[in-house]
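Shared between the two complexes below is subunit A, which has subunit B as its partner in the first and subunit C in the second.
Up next, the complex of A and B:
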């Protein structure tokens, strides 16, 4: 058991390391970033950008350092300057980047001009890193500074500001959909081809097929805007809380930011996510249950004279849950990543929106932090899944 | 197990090798670097001499350009992107030159050539140009059998795809085949691709009109980008009309408004005569707001419609909620130039001047110091070798033999030694009386000086320091400052205030390098405007309350909240009463939902001409 965990943790570290390299490399290859458009600005009259301005901005965002130094500074906060041993500095004159690259226009074979870096006018040495701001490194919990969304302030501040709302939304909807979806799936399987099964199967297919975007808008129209206009009870159309107090028929006055206000704002987004998840999960449980109920050991249980309740709950349901665990544990990264579409429709200030904004605004430190945390949660979920398997299925041993 | 360990070790070795390969070249001696650069430049020059000197075989013909203009139905293009606007509104949005029609610098309809939609005239011109339509054919050909086919490049934005499809049809009706290429904006507006490299035949994009029309970098002969001038300039069309070029330079280098108007008129007349670009239409700025809201009055030319926020009222509410689809990243506006940040900033530190209706007005200063009102003097100063001046190209240089400058008579002369008499602007800016920080501390000389110090400190993180570089001296007093520009600065907008005001009693000891990261600067700055920021919940809202020390008196509405929303939710939140205002940064145009809601009296909408205008640039030369 111990050897298994040691082996798995070592594998996880390797996977995370490769994931970090891949994430960093891919985002650094992507277009955009703080320098995008700067050269166009310099054409203006009162607002001109000089070569020194560009060099300074490159340095501010570490874009003047070579990729591997940027990577290690992001990962472990090193190097921060020459190594000092016994009062002597080593590697001071190692070149770690280029402050002012020489860019030339080259006409390529296709007749297109290409800008290529063909040299360096002014290099950055290891000794120049002394005194530069840097993060303490991802491995020490420092995700660095945001380039754009929270300009020059910690990425962790952004994540901390969004995470509670996402956990609230995704956690609640996941819990509700499990509580509702599993019994529905079991019931549908047990009463296969009954009216309920047909009805619920139809609903589930509709739920799975209907885009969340459309579903959300319909919900807002049906339960917020139309009833409000008609003077009936309604729920707020979006946001996580109101700025102004309001009055809802039958419910009464709702103070802005009160618990009642927050609960009312949760209703629609949670309902949308829950209904969509119920549709998928109940179908999965139903299929799994149907498969298990055809197994010999279920037939044997029935032959032993056990009550149908015991057969279903103890013999069938427990075994049907084994494949279901695979799906459920992977809601763990979902708790962090949020629900992009639902958050957008309801203006919910969660991680999903943050993720989209980070990519859209080329705020790569934020995007990289989200990617990395998702990678960590995914490998943890994988481990958790394997451990849970051994708990629900006695045939599986970790060793 | 052994295999797995070997595999992992192998992976680590591979990663190390990749990282090593990505490493910088071995430390190079500076001499080697220079040699490399020289070789490359030589290569480029050989190519550049031939680039963009051959007239475009089709588009260099004026008749073809005129035909394209006559065949363009601008009103229909507008209808395609703003289907819910009235015909009258659309007529107001049509552009004839590179300056909006309600701008003070517009030449007037009578002084420019207007190409009203007249496809017959367009067809006739194409016939004259030798592009004829064969019986039963859709597209025209010339005598050589070449088809009249033009490549049209623009972004892939839905807005442009929509009107471009209509324009393609309009051109087809005149027998011109348009081959549309909708490229990613990152390529089209890239630093080294698309427009910047003149990589188009017909290219559509937008410019943003401003109270000062500028235009020198767009239409002067010496602003044509070539490979051998480092692609300097924005005249990517390659248009060189001596009269237009001389006058656009004059318009941008004289301080007398009447002279500027006359010079712009000549340039516009030449522009519409030559048609290096087809101006299409102003985009719209759409606002939708709570029907009970009054006082909001956005004006063309002034992007910050909050300029009169202290007059806004909302029936039955002490709070007005503005919906922003983008959250400000920081309120340190020296480093954060996003519009939403500037708009939020204007609530607690109003801009010192406004640009209502494309003109300039004083807001936080008593008057804009012009030469006419005596607030500015344009002195003759004798400048000796070694002094910092602005040369004839607008660059800050040390005066030395060989440097070309403009002398006091406005003539471009080469400095040969001794002294030269140049013009020097000196402006006095007086702040309005009673400016006080929200903590009760009056705005002082130290606050003004701190603004100058931080704006000009490279450590602050600001992007550009050109204003600092062009400043000879700034002398501060309790209620204002005197700005002395370097000799040679003759910027037509010299009368605009230049320095921000920061609270020295709070931030005077904070080093410039820490300003961008300091929460007191970025997240909770002190106010001297009508409102103060009392709470900022990241990702959710910014809450402002009336600043009791605002000298303009208590705002009509005590609280303003900026609610962070999403584009997908904006209309439902407005109709649901969660927000009160949607501005043009969120709304692309009117929607059926908004129009219907206005019809029911739930909201009001407002459509103004935007400062942003669409146009099709014509490449007059090929590579």
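Up next, the complex of A and C:
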């Protein structure tokens, strides 16, 4: 058992490390990035941007370093300069990048001219890194600085300011959907083939086929736009609080940023996430209950003369929850991904929306940080699921 | 009963009508009413999108100047053509774009399924059949890829591809072929090819796992042993015994996968990281309509409903196929 866990944790670290390298390389190898706009300005010729200006800006974003050094500096905050041992500096003349690349027009295979980096006018040596601003590294909890969204502010600030909003959304909707979904699933299983069961399973089937983004839009239409036009009470959609105060029929005046305002803004996104989750979880509980109710120990419980209520709640339901708990644990990180879409529809200022904004604006440090956090959560959840399996069900042996 | 009496019984009296496996599956499939309805609906949608150039009244990028958001059924004064569903914010015919979008969205989903299931079947069959280190390497890789959160990864990759569309070189014949199917210029269809690659690039993982599991159980069956004792090569066993017998779960997986890909493609386009605007897809039409829905509430319903209908229909068809092909199958 211990050996199994040591191996699993080792595997986990390898997975995280490889995914960190892969995504970092992916994002940083792609052209574009923060200098794209600059080039266009330069080509327009309206502003005179000298080579030195560009070199300075490149240095600010560390774009003048080669990928491997950039990556290690991002991951562990190293190298920050030559290694000093006993007063002598080692590796100080190692070339770590290029300050002023030479770009020239090259004829490519298709007979068109392309701008490509062909050489280097001024290289960056290891000793030049001394005194440069650097992050302490991702592994030490420093995500670096944001490039665009909050220029030069730590990424962690951005994430910390957005995280509570996402947790609010996910926490509330998960809680609600469990509270509603589990009883629905159990009831549907107990009354298998009843009218309720048919109605409910087909509803859940449709719910799980419904794309979240379309569902969100329909909810906005039904509960925000149409009732508002008709002069009925409505729920505000978009953002997490309004900018100006507004009045809703029956509810009355709502001041911007008040508790009432925030709760009203929570209603629609939470409803969307809740309904989507209810569809998934109740189907799972139903299947799991049906499986358990066929077991011999349930028949034994009935044969003992226990009341149906006790049989279902104490004997069947508890056992049906075993696989369910592991599923819930495993899907929790996935909820963050699911929140990406919901947050985008409702312009909810959470992590998911931040991720989309960061990708759209080429703010890689922010995108990388969120992606890495999600990857860590998912990997931990995978491990936790396997651990829970063995803990709740001793029949499963790990090898 | 004497021997003579048995001989006089006609063959029709003792044998039931022989039916091919296909007929058996069809009879069972027809019993699933919702799956049948879904099948008919999907055939209808496919027909409309295949006949798009004959049904559509306008070109997808044709602008009608000064005719923004005209009401449904407006007739174009100069040419006499009808805007069945009006126009969008820059005067493009909404109905024509909708059916061309369907053609593009469905083609992307179909190609993604085709590619991902093919790769999945090959990788899964090799992995399950040979076992040993090949199996370990392949399955560790699949597990590794599945551990990474999918949607965020899809978003990163498509944002990177979109930023520089020369990043991945796609041979011209493929672009031309895709352009011919989608009725777009090769340049415009590049984006669709890339999205197919991205979707299929992740989709094959679960198909491979499924195929491996099926092959593992088939490997122990006696008919495989029989083939082997007759001197069949590994290649022959895989292609003649393994793959045909593992088709049932793969077909079900493919039809459920179609639903997934239609939604995934639309989700990427909706978030702005899929096929981009001049080329219409249901997803990006939905995204574009969102900003106008305050004044025109029906606008997002037009591209949104087909996405939902297709997702639902493919799910029902998958459900029906599962019952028809192998009632014991759980997927």
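Throughout what follows, the second predicted complex is superposed on the first by the 336 of 399 C-alpha atoms of A that agree within 3 Å, B and C clash if a C-alpha of one lies under 4 Å from a C-alpha of the other, contacts with A are read in each partner's own complex, and residues count from 1 in each chain.
One rule holds in what follows: a residue touches a chain if its C-beta (ideal position, glycine included) is under 8 Å from a C-beta of that chain, and two chains touch if they have at least 3 such contacts.
Small disclaimer: the values here were computed from a predicted structure and weren't measured.
Trainee: In the overlay, answer first, second, both or neither for which of subunit B and subunit C A:98 touches.
Mentor: first
Trainee: Contacts for A:313 in the overlay, against subunit B (first) and subunit C (second): which applies, first, second, both or neither?
Mentor: neither
Trainee: Considering only touches as defined above, state whether A:209 meets subunit B (first), subunit C (second), both or neither.
Mentor: Touch status of A:209: second partner only.
Trainee: Is A:158 in contact with subunit B, with subunit C, with both, or with neither (first, second, both, neither)?
Mentor: first
Trainee: Quick check for you: in the superposed arrangement, does A:225 touch first (subunit B), second (subunit C), both or neither?
Mentor: both
Trainee: Looking at the overlay, what does A:251 touch: subunit B (first), subunit C (second), both, or neither?
Mentor: It touches nothing on subunit B or subunit C.
Trainee: Is the number of subunit A residues in contact higher for subunit B or for subunit C?
Mentor: Higher number of touched subunit A residues: B.
Trainee: Report for A:179: first if it touches subunit B alone, second if subunit C alone, otherwise both or neither.
Mentor: Once the two structures are laid over each other on A, A:179 reaches no partner at all.
Trainee: On the A-aligned overlay, A:149 touches which partner chain: subunit B = first, subunit C = second, or both, or neither?
Mentor: first
Trainee: Report for A:18: first if it touches subunit B alone, second if subunit C alone, otherwise both or neither.
Mentor: In the superposed model, A:18 contacts both subunit B and subunit C.
Trainee: For subunit A, which residues belong to both interfaces, subunit B and subunit C?
Mentor: Overlap of subunit B and subunit C footprints on subunit A: residues 18, 31-32, 213, 217, 220, 225, 344-345.
Trainee: Report the residues of subunit A in contact with subunit C in the complex, numbered from low to high.
Mentor: My answer: residues 15, 18-19, 23, 26-27, 30-32, 205-206, 208-214, 217-218, 220-221, 225-226, 333-334, 336-338, 340-341, 344-345, 355-356, 359-360, 362, 367, 370-371, 374-375, 378-379, 382.
Trainee: Along subunit B, where are the residues that touch subunit A in the complex?
Mentor: 8, 11-12, 15, 19, 22-28, 33, 36-37, 40-41, 43-44, 47-48, 186, 189-192, 196-197, 199, 214, 216-217, 227, 231-234, 252, 317, 319, 321, 327, 329-330, 332, 335-336, 394, 458, 461, 463-467, 491, 493, 516-517, 519, 522-523, 537-541, 543, 561, 563-569, 572-573, 575-578, 623
Trainee: Could you please specify the touching residues of subunit A with respect to subunit B in the complex?
Mentor: 10, 14, 17-18, 21, 31-32, 35-41, 43-50, 53, 56-57, 60, 66-68, 71, 93-98, 102, 104-107, 111-115, 118-121, 123, 145-146, 148-153, 157-158, 161-162, 165, 213, 217, 220, 224-225, 228, 236-244, 246, 343-347, 349, 353-354
Trainee: With touch defined as at the start, can you tell me which subunit C residues reach subunit A in the complex?
Mentor: 144, 147-153, 155-157, 159-160, 163-164, 167, 259, 263, 266-267, 270-273, 286, 290, 293-294, 297, 300-301, 304, 307-308, 311-312, 315-316, 319
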